[in-house]
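Quick heads-up: structures coming right below.
Look at the two complexes coming up: subunit A is in both, with subunit B in one and subunit C in the other.
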Partner chain A sequence: MTKHLLKLVWNRKRINFLITVEIFFSFIVLFGVVLAAVYYVDNYRQPLGFNYENAWRVAVEMNNRAEGSHSSQSSQTDINAPKEPSEKAEPPSATTFKQLMAAAKEFDEIEGVATCTVTPYGDGTDTSSIGDDSNPIRYGVSMVSDDFPQVLGLTLTRGRWFGKEDDGANYRPVVINERLSRDVFGDADPLGKELRRPDLPPKQEEEKSTPMRVVGVINEFRKDGEYTAPDNFLFRRQLLNNQMSREPNALMLKVRPGTTAEFEEKVIKRFQAIAKDWSFEIEPVTKMRETANTFRLAPLIAGGLVAGFLMLMVAMGLTGVLWQNVTQRTKEIGLRRAKGATARRIHKQILAELIIIATFGLIFGVAAVVQFPLLDVIGDINSRVFSLSIVISLAVIYALTVICGLYPSWMATKVQPAEALHYE
Partner chain B sequence: MKKALAYARATDTCVSPKSFFSCFFVLFVDEVFMLKNYLKIAFKVLLRRKFFTFISLFAISFTLIILMVATALFDNVFAPQPPEDKADRSLYVMGIRLQGPESQSTGPAGYVFLERYVRTLPNVEKVSIYTTPNVVYSFWKGGKIKSFLKRTDGEFWQIMGFRFLEGGPFTAEDEKSANFVAVINEATRRKFFGDEPAVGKMIEADGQQFRVVGVVGNVPIFRINPFADIWVPISTSKTNAYKSQLLRGEFQAAILAKSSADLPGIKSEFESRLPGVEFPDKREFNTAIGGADTMFEFASRMMIPSQQMESQPRKLLAIIISLMVLFMILPTVNLININVSRILERASEIGVRKAFGASSWTLVGQFVTENVLLTLIGGVLGFFGSQFVLKLIADSGLIPYAEFHLNYRFFVYGLLTALFFGLFSGVYPAWKMSRLHPVQALKGAGGSR
Partner chain C sequence: MIQLEGIEKVYRTERIETVALTNINMNVGEGEFISIMGPSGSGKSTLLNVIGLLDVPTGGKVALNSKPVTSYSDRNLARVRNEEIGFVFQTFHLINDLNVVDNVEIPLLYRKGISSGERRKLALRALDRVGLHARVHHFPGQLSGGQQQRVAIARAIVGNPRILLADEPTGNLDSQMGDEIMDVLRGLNENEKTTVVMVTHDPRQAEKTERVVRLFDGRQVS
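Now for the complex of A and B:
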């Protein structure tokens, strides 16, 4: 039966070739959109790690970033504060930050306040890596003050958050997420260990600097929100004293539920009075989340719309072509009817032929698509998401072709044997 | 079949040329008459096959809409349009990458860097230095106004051709003596003063007071260099710290060359200066990478990942074009499919026409007219469709002050592509069929394979 159908398909190879090509490209286009959608849904279902409700971000611009003060901004090694004697004077910005935090706590509407260098849904990122240069383990970093987990509702799974007990210690306390712990320590307990690859000798600069010691593990912290892939993250302790190595660039406020936007002006006026030269920008994290997610989803929505219309166009085109095929084959179909084929069998024949043609296109489509990870066209998308997207796209294309074939094949069943005989 | 016969009679009874030349001659003489007839038939045929006509029109207009929206978005970012009206001899230093043994940082440069290495470039008519736009708040009559504020110099207004609705720009003199003056855009004027004129009035932004000296039309947010809501002199900054910012800061520069022929020289001069940059702390950073770019070159620097952050405009263009072609393939294959089917379906009509003495050329003329007509209708639909979609995007407020223009050049390209494939897939099979013997054509022999 299949052999016979293949022969029938081959007999009309020119028109069938065009249909195959069309199905091939439809599959590629659909796969692109489905892959993005599945990727986003997969990310969305994983825990975010923090609570954005009632959190406000106050971005702080100090307007005084002269070269001297920001040379210490990004490198890791100069945070060897405990080695230095404490005769260094406290930088004025640290004093101002402490005043700002104290002022924030005076408001009844503010339940908690913390500093950070990377804000959730914010633009800035800060990454670092450990391990050898050829295969480093990368992670995002934020320096935060001790109250940060309360303000953003982080969940500790192991150990503790850093705090006063780490003052003057000969290590730098860090809190990492489970993912980073797994990448670095495997199944071993990371608590109390130095953060470096156990299987590698320490790098030169790691030797020089004060070691980072893991004091706690959180379940997750996805800085860029629910649509991005979960990534490694590490929190370092922000010191606001003479050992401050880097200035925070934002304050996170936890406000009482129901606090309105009018309160923003009060906060800014108060802050402005404390730090006359600084600029402040205040925004609820829920709003930042909305903006960030809109920009992340907009390309997918636009792509989805375009792909949707393309599929509609292909579906209509396919229906037209199949319809035409059937009208052309009146003779052949009529003859089969005259020889005793039932309407049901004709129906089946037309659909089976169509599925064979579609399968050809899809084989090439899948063959093309599996090259993507090999050619490294798409980033780090895991194989589960990838194969699920292939399955969904295949199902959609098959469904689409069958739907397009329904009406023409129904028409074919209406062919009367007499019509066919009348032809000759 | 009956209908086909009727059409055949309508057109062919008066024409029976035997040779190529006579055929051509008759076509020429009866051009007007024939064209009218062709159009009439084409319309009838299109109406008779409503479903096929609808699919073709949908495909053509939809493809055109996507093409138009994509090019309009592209133009909105890259094409030379006001206020960047001297784009053909402008370059920008929008960011530099600093590399050190352990860290790297990419972002706008410091004020001193631009003063030292850009302001002094040879063959340059003017250089302007400005900050990236900052979000600032104004507390105004009990409400909060959010705006983007850019600090810049007097040259800025001479490099960019802003359209002033009121007043004029601030000058280099204002910048030198740190006058608290501001130019605002139309939207900001409305937020502060409603419909009243703004020049001479005071506004508050980020806790500072400015006197408005000019009002300009809104600039779309994607015009990264000129864009802002409020422009004020750099010297009104809250502190003087920017004057000691060497490498990293929030400043960008626009360079206006004397002529576009000087651009390559300026680019290479700037790049040759980078190895000589003095680093205050070589343990932090010891290499600076960057360039004086057009917008597109800068985009290629940022978008195509590479260690040295090279500008690869050709590569970016190739990526964009291949994406475009990939998108166009599906509608094109669809169009070919539909056209081939349509023609096959009309095999018997062609046979009848042949039997009544229509030449291949007459038939080809008819199918050409049909295809051109179809493409033109699709083009008109696509034209209005893209206007509609662009307006929808502009009104959605997703892109502040978005201002879209149809790119007519690409519109014509799109139409020509549709026409080419229409002719190729609709007329070529028809022509081949018309060469068949009428009897064969009547039996539909041209169609089965």
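Now for the complex of A and C:
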């Protein structure tokens, strides 16, 4: 029977071409949306690496650039630039930050405070890379003070966080995530090693003089949140003394659960008293998360709506075409009934033909979308997400076609042989 | 073989009632070759459709092989149509998108336990029986009317039914092709003892059958 239907469908390829094309394009559109959705869900299910609950960000704007000439100068330099080993004085901004942190700790409501250069869910990013230029290993960077893991609830998997024991060391202590460790060191233990590709000689001057040394590894830190793909990350130690190479641009506070927005005012007032020319803005990380995630999900939701609407149009068109198909074939259906086909059999035949036609469209559809990774249309989407998206899209399109075929094929069962074959 | 008892058929459309058949009583014995004659609109096709289980009578009883079939389910009707009856139409009703063999195979698709190889063999044999040896991979549109009707007869007999019903099988053919088709039907009747009931307009064709049933305005007149 299948062979018979294949022949029938093939010999009617001109009429069936329209349906095939319709199925082909709906598959492509649907695949795009499903891929994005699966990608997001897949990302969402992986560990975030930090705890945003009860964490507040205090964005710090230093307006007294003239006074803190040293800091303005150094904030422009690359964070990987070598530090000048100097006997120079502590920059005023470093002193101010230390005062702000001390003041924050005095509040009962604040359980922890740390500085950072890159905030979770914040706009700013900072990336760097190691390895040769042709095949660099990239990673995100944040320079944070020693208390940062307590404030954001980071989980160490190996080694330790940086702290007092690294004061005056001839290396720069860093904590990296497991992913970066794997990329650089493979299965080898990264602890105590210099952060550079073991197979390559030190590249820059600084790698020789004050190399970055891995003191600990965390499981994860996904700065841009749960919807982005997990990536490499590295924490450097923020110094607030005459060695400061770069100013923090935010303070992270860990507040007691249940602390209300009114408390924000109190903190700002206190900070303002310490740094009169600076400005502060507090935002709970939960709120930043909402904003960032809404921003990320919006295109997906819009795409989903467009695709949903398109599917509806396609479904209506398909039902129409199939209905017309059945009415044009009443003679054939009547003949088959006269030759011994049951109504059920006719119903099955119409659906089976439809599935065959859809399969043709879908074969071309799948052939088209598997070109995407080859053409580099989509970025870093892994093959698991990709193939799952193909499977889901196939299932949806098949389901849609069958649903569209239900009414026309039911119509076909109502064909009475004597009437259909009546000769006028 | 075929028993009709008090068959009535009334077509009811929104306003008009058309009485197509009134009190038809008929017996066709095994191996008989009979023809049904009558003017256009006298109910010949309706009668044949009732016998062939393509249409349900409004009243009366139909029995095939002494089994009453009037109250059969869709499934049983389909089985009887498939196994016991071969139907030939005036306008052939071949599927234009399938070639000759595939058309002939159709009844076998609705029968269980026949492999595709067997189907092909039976179809080719049926084509052989109706005298169509070549052109089996052509499409119906590429054949003459007489050839198309041969294909239709091959399709009707491929499953070896005991009864062959033909509704004006020569009506769309010129007289020479018509004679050829008559020869095929007669051959099937004589050589394979197939019971044949044929509707015809043509007294010349009717003469060649054993018995003629005449209809007039839905009534049996002889």
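In this section, the second predicted complex is superposed on the first by the 389 of 424 C-alpha atoms of A that agree within 3 Å, B and C clash if a C-alpha of one lies under 4 Å from a C-alpha of the other, contacts with A are read in each partner's own complex, and residues count from 1 in each chain.
The rule is short, and it goes like this: a contact is a pair of C-beta atoms (placed from the backbone, for glycine too) under 8 Å apart; a residue touches a chain by one contact, two chains touch by 3 or more.
Everything numeric in this text was worked out from a predicted model, so none of it was measured.
By the touch criterion defined above, A:Lys164 lies against neither subunit B nor subunit C after alignment on the C-alpha atoms of chain A. Look at A:Leu335: by the touch rule set out above, it reaches subunit C but stays clear of subunit B. Of the two partner chains placed by the overlay, neither subunit B nor subunit C lies in contact with A:Arg45. Shared-chain residue A:Glu61: touches subunit B; no touch with subunit C.
Between subunit B and subunit C, B touches the greater number of residues of subunit A. By the touch criterion defined above, A:Arg12 lies against subunit B and subunit C together after alignment on the C-alpha atoms of chain A. In the superposed model, A:Ala298 lies in contact with subunit B only, and not with subunit C. By the document's definition of touching, of the two partners only subunit C reaches A:Lys3; subunit B does not. Once both structures are placed on chain A, subunit A residues 11-12 are touched by subunit B and, in the other complex, by subunit C. Taken in their complex, subunit B has these residues touching subunit A: 51-52, 54-55, 58-59, 62, 66, 100, 102-103, 105, 110, 134-137, 139, 144, 206-207, 237-239, 241, 244-249, 280-281, 283-284, 326-327, 329-331, 333-334, 336-338, 340-342, 344-345, 398, 444, 447-449.
Partner subunit A is touched in their complex by these residues of subunit C: 45, 49, 52, 54-55, 74-75, 78-79, 81-83, 87, 89-91, 93, 95, 97-98, 102, 105-107, 109-111, 116, 155, 159, 167. Residue ranges of subunit A in contact with subunit C, taken from their complex: 1, 3-4, 7-8, 11-12, 331-332, 334-345, 416-418, 421-423.
Within the complex, the subunit A residues that touch subunit B are 11-15, 18-19, 21-22, 25-26, 28-29, 61, 63-68, 70-71, 74-77, 205, 261, 264-265, 268-269, 272, 276-279, 281-282, 294, 298, 306, 309-310, 313-314, 316-318, 320-321, 323-325, 327-328.
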